[in-house]
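Given below, in the form of structure tokens, are the structures.
The same chain A turns up in both complexes below, where it pairs with chain B and then with chain C.
What follows is the complex of A and B.
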């Protein structure tokens, strides 16, 4: 049996290069602000943030696999736990909790009580409908796609909009079989 | 305790921001892309300076403000100070960082020419040009940060950057007025 994947990202986080979180928080805030100016429609900004996240996720997964010492997850439940406890910890220094599983184990919630992206953030009335942290949805979707999982990730609760927590819905759409580049040998 | 995140968060977000503005949003208008990226940096610099100077007395003059950028501000952001500060005493300051953190992971498309390649003089020149091009778009963001921070400290200025030999880089500050 494969060794159990680490259940905590504390050790991984302790070993990566870290910076003052303010820089990320303020930079991300300035980007959202600029996108709102450039695109005007919050729908479009949500889309762009998700796309940026996706592009980040497809790269970040390499660093995650290289530094986290994670072994292959046996099922999607384990994948979700690893994202919540190791992935979030390793990059953002916080952990999420996993809950609300559906019957067939393909959909769950990731709940964040603490989120460095939103320190100092307040949304004005004009930003209704904006998923401020939508970049995170894209990151998870992009990262999972690189390890053969097509997913749908969306926000269902957002403290910036008055909810009592940050909750992401993570749904597994399909497991893509791995394709090896056999053609190289032809 | 100061809240921390992994350095790759900053790297990823800034790299993707530059890629999005130069590649997708303003692919054929690099000048506009540059201005947007600089504006994002300006906003960040403005807010960072506000936070980092909360418990300090006012700066007596421009030089003091610039020294603050070279030492404390740079250390907060990059865990090192600016390596060299020069001025012409007429409102222009050159801040040199011999190993600018945000340029340390930039690589050039083509490998550096070997000894049996073109003559040394010209290969150095073309490498410089390539470095400048590769780094160019990534430097509008830190230029904006410096301009924002100095503006917050009451020093209106223009900031540009020069790269000769990656990852070394110089920021040129021209004080207005």
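What follows is the complex of A and C.
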């Protein structure tokens, strides 16, 4: 059977079951508040959010591959485009733009125009240094790790902290070679 | 709430008038604000300046399911028993409920909220449910044994959609989160109640439905009786 054609983010999003974004916004807010109460330190909260994201990412990649029919990307540039145009769209209903490539093509920015996680949110003074949407970094890192790419993802601009956009820095650290033949479980 | 809104409106008018004086009325206010931002290092986002939106934006159900699953898993690491886990989920939901009440009263009710028992119950059953879960709840019933008990039932509660509870966790129901939301809405509207989520087996169905049991506190019923 011929491989199925890759589907656009819009096409996938149109066909998945959807919920009101406000439910997600408020639930995410509840999670962040709980973490802030439990850990008190914003550093630790950032770490926890990233970890939660990672847990999501390693599972989410399966659904992503199954529904989008995306096959292997030729290079990291294509990977970033696919995340921005298909990945974000498929789950959050928004797209990101990719830019600021470095010379080796291993580091770029993902810029979000719209971010459903931050509606109604205002960070108080006590939360300085909190990367409110850090869960997204973890998701991308986790998902890419499952397709043999070790990456580092961090926030560089955050509108909640007074910047003019939401910008993620995505850096490819290592392409892990796949081991072949695959070992069966002993 | 109405008073607060009025005050904010006045403040905004004043602020706009000051700005008009400074910049002349030709430049759009929004643009000006951006221009002001240029000189400063950082300007924190002000949620009150953004429009509320119609609440029609959507995300994929699975994005929510992933997030909710993390909420449950995280809370599992912080507790020793099921009761505590349910309480923590309820706490998380409570915060959501308070906010949903404020949001929906403003958006759907023109800044008015229900003051009667049946009114607030139908607000939860219809308005809140519809906004959060995309549908009206399957049923709203009055308890047969106690005057102060009401039940909202849902065949397949959205949060329980992808969740199967392990045998050793007994009657644990992730609907505790939704119970918390309901409690938040009721408390915020001045109807304190104890709210809990329970599985109820349904004949001929493989999966039980979830019933949110609402037990109002005495003062609520007394007030209701006074109002006649």
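To be clear about the criterion, the second predicted complex is superposed on the first by the 172 of 186 C-alpha atoms of A that agree within 3 Å, B and C clash if a C-alpha of one lies under 4 Å from a C-alpha of the other, contacts with A are read in each partner's own complex, and residues count from 1 in each chain.
In this section, a contact is a pair of C-beta atoms (placed from the backbone, for glycine too) under 8 Å apart; a residue touches a chain by one contact, two chains touch by 3 or more.
Fair warning: this is a prediction, and the values are worked out from it, not measured in the lab.
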| item | value |
| --- | --- |
| Combined model on chain A: chain C and chain B, fit or clash | clash |
| Contacts of A:27 with chain B and chain C, given as first, second, both or neither | both |
| Touched chain A residues, chain B compared with chain C | C |
| Chain B versus chain C as contact partner of A:17, first or second or both or neither | both |
| First, second, both or neither for A:62, with chain B first and chain C second | neither |
| First, second, both or neither for A:119, with chain B first and chain C second | both |
| Common ground on chain A, meaning residues reached by chain C in one complex and by chain B in the other | 13, 16-24, 26-31, 33-34, 38, 48, 52, 55-56, 59-60, 63, 90-93, 116, 119, 135 |
| Of chain C, residues touching chain A in the complex | 34, 37, 41-47, 53, 55, 57-64, 66-71, 73-75, 78, 88, 91-93, 95-96, 99-100, 103, 131-134, 158 |
| Chain A partner contacts - residues on chain B that touch it in the complex | 2-10, 12-14, 16-17, 19-20, 24-25, 36, 39-41, 43-44, 47-48, 51, 76-77, 79 |
| List of chain A residues in touch with chain C within their complex | 13, 16-24, 26-31, 33-35, 38, 48, 52, 55-56, 59-60, 63, 90-93, 116, 119-123, 135, 159-164 |
| Chain B-facing residues of chain A, complex | 13, 16-24, 26-31, 33-34, 38, 48, 51-52, 55-56, 59-60, 63, 90-93, 116, 119, 135 |
